[in-house]
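Handing you this structure, nothing more for now.
Residue numbering begins at 1 within each chain, and the chains themselves are lettered A, B and C in the order written.
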Amino acid sequence: MRIFLAIAWRNVMRNKKRSFITIFAIAFGLIFLIFMWSIIDGVYPVMIDNMTGLFMGHMEVSTPEFVDRPALENAIRDGDPVIAAVRDHPNVEAYSPRMRLFGLLSYAENSQGGVVIGIDPELERELGRLDDDEFIIEGRFITSDDVRGAVIGATLAKNLDARLGERIFFLTQGPHQELAYTNLNVIGILKSHVPEIDGSMVFVRRADLTDADVLDMPGAVTDVAIRLRDQNLLEETKAELQSALEGHDEQKLVRTWKEIVPWIEQALAMDEAFFYFIVLIMFTVVVAGILNTVLMSVMERTREFGIMRALGTKGWQIATVVSLESVMLGVIGLVIGATCGIVLTLILGQTGLDLYSGIDESFMGEFYFFETRIYPLLNLDHFITTCIAVMVMIVLVSLYPARKAAKLEPVVAIKALG
Amino acid sequence: MIVKTEGLKKVFSSDHVEHPALRGVDVQINEGEFVVVAGPSGSGKTTLLNMIGTLDSPTEGKVFFKDRDVGAMSVGERTELRLHKIGFVFQAYNLINVLTAAENVEYVLLLQGLAGEQRRQRAHELLEAVGLEGLENRRPEQLSGGEQQRVAVARSLASEPELVLADEPTANLDQATGKELIELMLELNRERGITFVISSHDRMVIEHARRLLRLLDGRIVADEKP
Amino acid sequence: MNRIPNTALALAALAAATALPFASAQQEPTALEIIQRIEDLMRSDRSYAELTMEIITPDWQRTVTMRSYDDREGERSFIHILSPRRDENTTFLRVEFNLWMYLPRAERTIRIPPSMMLNSWMGSDFTNDDLVRESSYIDDYDHELTGIEELEELDAIPCYHIVMRPKPDAPVTWGWVEVWISVEPLLPVLYRYYNQRGELRKEMIMSEIGEMDGHLLPTVWTMRTMDKPGHSTVIRLESMDFDADIPDRVFTRQHLRNPR
């Protein structure tokens, strides 16, 4: 066996330029794959997190009727058992009960339709990130002590021409079709770059809405948003919560972010499909390159193989030599590619990659809740899978030329070069 | 008797053109003989040697190696035969390019499973016998044509074959070197009793023949002992 | 169904003094005349009333007390809600077809826009629109007396059955309105409101005839919305002062903020 290793190795060394090109192709392909996958690993969770981490959460509990018609009559009258069920689930990291009311917001002569969202400020801070400094451009987010305090979207503030410290008026319908209303004090202005939030949302304490003077619906919620510890258990957690909520008076529905904003998953899937397509092309190119190299090298040595056969070398031994050459090229290419790939990914993982500079940031905000910097993430499983896949591919590719070499008839082979 | 052919015929077909290389050859070669198969190009010398050496199969007729019908053997058995019983020296490109002279000689021994030290010893001996001591660690590209052929001869003897087949071994060498080579072969034949069958159209080679088979158009036209 | 209680029969004598039936006129009255007549009976130029409104739904009940000021000729009225606490000092001003509402806790006056006119008023079975439509029965409708009927659900009391259809240009949402007015005493008993598709949408029953400030009139008005079973609104007239002396300033927007 050692002699075949020696023959294979020396053959590789014999034609340095060609071997180098092949190794380079393998390494390049591997770097590309590792890098691409690390972009996905770095970006997708971030994108999902941006989407869901801001305000939506991974899941939402409401009545099924509320999904179709988000009106007060479809609210959950007694939110406590729902909140308890959510809080007790091990995979729930944060939750925020909400009371959403559609109505008219006015300031002086300006008025606009909007949504006032009653929250428990401390819980909402845990769940979402709207309270982050980067989003609160004026004033501050509400706390549970802010009686009738409100944080309003920047676009809404502009439309109403309402400023920090001023009072706005909210008019809506109560649970029995009577008018419900309240004044709210603007203590913060919010700019999230998400049009729905900035243009129509107002955050207040839930107590200020369920108050006897406004809705008179103590303990009521319209929905409870949830953030999970482990995103990968999305479907399991949904099923578990759904069954925990069975048997309550009103029927409850648990929805995941995929059901709430399905277009995001579709956009991600499209991206993923595109990625796989590129990977496939890449793979094909590299495979073709390697195949070409190995085949050429086999063809060149047809006579030599013939002589080896004449000397009594068995077919599988010839095949082994050819395969070993491919494997050696593969291993070298793999090592170089893997090392470079890791280094590249780790470096860019720290500094980030500015892919979308030049595009208006609010456009990206609208489309993808996206930051313009991408931070690739090296995932060990994916890395190993990629390396194994490339190695397997190389071995498989070499099988064809190896088989061809093994099947050479000595006489034919010897005649091949005169 | 070491090799016998009966009614050996070989027809090559290519592009619907048939080319009969051997048209019925009956010959018997005995142990220890130093046979030269002579004839012009295209007379079927190489083909005959290939048949004898189990590298190719006849269209008609049989080849016997020491009473065993080669045609009835499996591919594996033939490979074994070549490994242990027959040595080859080709016209050119005999050697494995990436192995040294010593390694080329050792190669056959490796195929046979000989252990390390023994192999090296034997290779050394053989290279010595062909007058190449000191050049053992050179690769073919570092050796002259004649030296390469000598290595080929040394290798052909490595497995202690009973029969060595050489197909136009001097064709790529100059006269002087070629003569040295043939004389080496003759010497080995005398000293070790190995049967040699050499094909050539070189006069110098023919002059050294102890038995001469003349081949013309695929048939033996003469069988002489000059 | 609602029965006109025995009190009414006992008061028939009183009725003779006030709600003179047409029988004495010895001629068949026209529909318009009947409508005008009951209008006069129920309202006067300026009246003041104290009312209780009970809103009943299958899972909830609420009682609202209010004061109402009415200027029939000027087509103005003012309502001041007294209870419950949540709605205390909420006030409404109606001038012709405009309606304003004052929200005390926000100290804000809003004008009820046309888009909200068909919304429920105070959560009851009456709409904002109902508040501004009162006097339009005479001017905006054509009236047809189809005869005298004795309806079982009205205890077979003989009633004039009048069908009122909106005039072509009238800004009225109803397809038509039917009213049954008891012949003796001449008082409305039942209103039925039909939409433009001919579906019965609402029904108001007037019952418990009583005497208020010398007038005889039904003191309990029960409104039902047909597609909300179990929902009804019952307005009780607690007291009424016909020909009250109400100053003009009551019917102003300033008064909304500071009702007295």
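FYI, a residue touches a chain if its C-beta (ideal position, glycine included) is under 8 Å from a C-beta of that chain, and two chains touch if they have at least 3 such contacts.
These numbers come from a predicted model, not from an experiment.
The fewest steps needed to get from chain B to chain C, moving only between touching chains, is 2.
Which two chains touch most often is answered by the contact tally, and the pair is A-B. Each chain gets a centre from the mean of its Cα atoms; for chain B and chain C, those two points are 128 Å apart.
One simple way to say how far apart two chains are is to compare their mean CA positions; for chain A and chain B this gives 69 Å. Look at where the CA atoms of chain A average out and do the same for chain C: the two points lie 63 Å apart. Put simply, chain B touches chain A in their complex at residues 50, 53, 55-56, 76, 79-80, 82-84, 88, 90, 93-94, 96-99, 103, 106-108, 110-111, 155, 159. By the touch criterion stated above, chain A contacts chain B in their complex at residues 3, 6-7, 10-11, 14, 303-304, 307-314, 409-411, 414, 417.
Chain contact summary for the complex, chain C toward chain A: residues 55, 57, 60, 62, 86, 101, 103, 105-108, 110, 119-120, 122-123.
The touching residues of chain A, when paired with chain C in their complex, are 169, 171, 173-174, 176-179, 181-183, 212-213, 216.
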